[in-house]
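Just dropping this structure here.
Just so it is clear, A, B and C label the chains in written order, and each chain counts residues from 1 on its own.
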Amino acid sequence: MGRYAARRLLQMIPIFIGTTLLIFLMVHILPGDPVRAIYGDKAPDPAQIAAIKREYGFDKPVLEQYVHYMLNLLQGDFGKNLAGRPVIDLMSDAFPVTLRLTLLAITIEIIIGVGLGAWAGLRAGKAADTGVLIFTLTVISIPVFVLGFIARFIFADELGWLPPNVQDSTSFSQLFLPAFVLAMLSMAYVARLTRTTFAENLRADYMRTALAKGLPRRRIIGVHLLRNSLIPVVTFVGTDVGGFIGGAVITEGIFNIQGVGNLLYRAVQTSEGSTVTGVVTVLVLVILLINLLIDLLYAVLDPRIRYA
Amino acid sequence: MPDVTKAQTTDEALLDAVAPPAVEVPAGQDEKKSDKPRSLWGDAWYDLRHRPMFWVSSVLLFLLIVIAAFPGLFTSVDPRDGDLVNHYLSKPELTHFFQPDWFGYDQQGRSIYARVVHGTRASILVGVGVTAVVTLVGALLGMLAGYFGGWVDSVISRLTDIFFGIPFLLGTMVVLNAFTERKVYVVILALAFLGWTSIARVTRSSVITAKQADYVTAARALGAGTSRILFRHVMPNAIAPTIVVATIALGGYISAEATLSFLGLGLSDPTISWGIDISEGSKVIRDNPHTLLFPAGMLSLTVFAFIMLGDAVRDALDPKLR
Amino acid sequence: MTTIDKTRNVPEPRGAADGSTPLLEVRDLHVEFHTRDGVAKAVNGVNYTVNSGETLAVLGESGSGKSVTAQAIMGILDMPPGRIPQGQILYRGEDMLTMSADARRKIRGRKIAMIFQDALSALNPVLSVGYQLGEMFRVHEGLSKKDAKAKAIELMDRVKIPAAKERVGDYPHQFSGGMRQRIMIAMALALEPDLIIADEPTTALDVTVQAQVMDLLAELQREYNMGLILITHDLGVVADVADKIAVMYAGRIVETAPVHELYKRPAHPYTRGLLDSIPRLDQKGQELYAIKGLPPNLTRIPSGCAFNPRCPMAQDVCRTDVPPLHPVTERDGSELVGRGSACHFWKETIHG
């Protein structure tokens, strides 16, 4: 397995380079002038603009800029934003906040999602199943930002149980509502996936064997069914991390959390290329590593997977 | 030995016994219909017709498409006309069906009902447009990769990995930020730019499966050409998962467009979009929840209809889940 | 069973001291499935008995109801869509269909065990074989994890799996087909049940391995003096191991007979058709006989005798009257023990 992990790590390099190059190109080739954006509606001095562009290397060809950027990156230098702050400082402020939010959300997602899905899957075709199906469809249909506003309106504005804005991002109780909103969409998918695999595996031959062995129902479901059904769920949760980042942009905006989502949103709006590139680069790296982790975890859960 | 079957589970055996090919049917009157051998599509259609979810979503979608095509049938009020003096944030009159004041007015004194009706077109156009582009591009690339394999597959698969690597919403935000005036087609192309990867992946794997099927080997042995094999034998059998993914994704694109509009990076004025209205409404939600709830409800209903349709289609096309 | 010398040498049946109550008796069992196309009548009044140390072979094409009957006995039918509208399944005289779910569970695996056709899918892919074997002891006998593992190794030795100790932690996919089927057998044997139901135990195996697995099963059955219901479509498998045969067609038993008598003198046209369609070396060059037509659609079983559309001997009466299982006698009327045929023309069939 060690060799497999090493090979996978090597395979990640071209994807990492490709993805960062793509985002770099997107940021730098597409129209929209970051330097001009600093000045807003004021008419800037062309000489000043040229000076700033030289300082940041914007006057060089894009590919050269990219190579330069990557070489700096290898030394841990993410560059500076246009206000002169190192991007790495901005990120080290924002990432822990989003990490806490996301971990909390994933926990909520798994507990509620698997629970609901298992409950429905064991009752496939019955009223409970239909109920869960409609519930998950509804959750999937309501966009996260609408869900967020409604949740904030009900629980913070009307009932006053929670503060509408998160002031202390280390407080579990303050982060709970945003994390719940962030988790909702993925939770619905997890519930549906669990429901499907449960219902499908219920009809597997080995379930019939377990029944024929005279095992109690608790054991049949808890050992034989659950173990097999969790494999696709784990994969989903792993590949869904990218979706969480998108959701974080919305959730952090609504609840005013100073995390990665907020940082990115502001950077995109002000065409802050270096911040966008830096954050996305780190995110891509995180996503790739999580995918590798999921692949390895897969082997633990499913012995049929062999790594050559 | 008689025509004993090989490795068959009892379930399959039972199914066989229930629906054998239509040969030597014992004399009877009402057997004609159900003894026809059922194809995947025939089966799926049968299944769909018996799903209430399919009918609910179809009726909803039909209604939405009519609203999108002929908004004038539902309201004669101009959605851009604001009357701040008389209608600033007026509350909804829930009994005034189809009247301009049915859903109340927004902070510019515009009829929310008229805006909801006129916003339908943009959302539906974006959803259908993105799905069309994404399906064309993704299915083509996936088919090429899956069918030809080798270096074609390597190139396309790596390309897919790279585009898949960038978080969807973030990448789309960056693309859209470059445009100051964002018309419907701009949003469509921006969403499609990163959206094609999942379709390509699904198509690739189902083409690989279909390609290995015995009937394809047989066709090849009989001397069928590449294009004939691809379009006659592989595609019809590989397309089902692609259709399912595309239908379900459609609702997601509508939701994504609204989200982007909410962030100020989606459709821009003068296009009327539910996302923009929700964003505006969220600013005064505390005392005027109606400004947010009606466009949000309409948006959710639309996404709901598409996702429900996709769901029904998936269940019908995936005999494993039956 | 006087005609079968094999059963004479076995020890007295265990447990059944009175000797009159059979180990298992199926009485007038009906099973139906509610499907989209209507009600599929999979089993339509099956009767059979099995005693300790006895092997009953149930023979039939797919869809004849042989596996469904077995699943009904095990209590592992999918209900719904399955339903048992009438019938009894008596284990040592007690009807299992009216027992509490818990009482039934205690019989499953411990008293009646089952061997499935496809061991690869019947074994849980993500649990080691040692775990799956040991589970029997942990659940039914409350053994510790460690003791259960020791027992599992013992069992694997018992079914002649080489290097059992080293392989106990392996997963099903790491074994060959034959070895996997041995593990299935070991699992069924774990608690030395009274009755084993083997559903096509060798169908998924290579021909060379089939004989080994069959021999092992027969040997263990003799040793533990268990009852065995062997479900198969393979007439070749049956001849060597079975004591008596029940031939099923469209959810009914159409003929019962001690094994060798059936081969010598079938008393039902369907059985005759089955026997005639076995390829034989001495008939090289001749066209192979095949029963014409297809098994009936279970939602629309033909009226009268279900076999009538395919039967070379069918007359008008066959299309209207369901033939009961007639006792089969010699030409002079003397009794043939254990023989029966559900054919209006059994006399013509057996005596030509």
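Heads up, the rule we're going with is that a contact is a pair of C-beta atoms (placed from the backbone, for glycine too) under 8 Å apart; a residue touches a chain by one contact, two chains touch by 3 or more.
Remember, predicted model here, so these are calculated numbers, not experimental data.
Inter-chain contacts peak for the pair A-B. Centrality annotation: B (chain centre taken as mean Cα position, compared with the mean over all protein Cα atoms).
Ranked by separation of Cα centres from chain A, the top chain is C. Separation between the centroids of chain A and chain B, computed from CA atoms only, is 23 Å. Chain C has its Cα centroid 54 Å from the Cα centroid of chain A. Chain geometry summary: the mean Cα position of chain B and that of chain C are 50 Å apart. Multi-chain contact residues of chain C (touching two or more other chains): 118, 121. Annotation for chain B: residues 9 touch two or more other chains. Shared contact sites, meaning residues of chain A that touch two or more other chains, fall at 203, 205. By the touch criterion stated above, chain A contacts chain B in their complex at residues 14-16, 18-19, 22-23, 26-27, 30-32, 137-138, 140-146, 149-150, 153, 157, 196, 199-200, 203, 205, 242-243, 245-247, 249-250, 253, 264-265, 268-269, 271, 276, 280, 283-284, 287-288.
Contacts from chain C toward chain A in the complex involve residues 74-76, 78, 105-110, 113-114, 116, 118, 121-128, 135-136, 139-140, 171, 173, 187.
The part of chain A that touches chain C in the complex is made up of residues 203-206, 208-216, 219, 223-224, 227-228, 231, 301-304.
On chain B, the positions that touch chain A within their shared complex are 9, 11, 158-159, 161-163, 165-171, 173-175, 177-179, 251, 255, 258-259, 262-265, 278, 282, 285-286, 289, 292, 296, 299-301, 303-304, 307-308, 311, 320-321.
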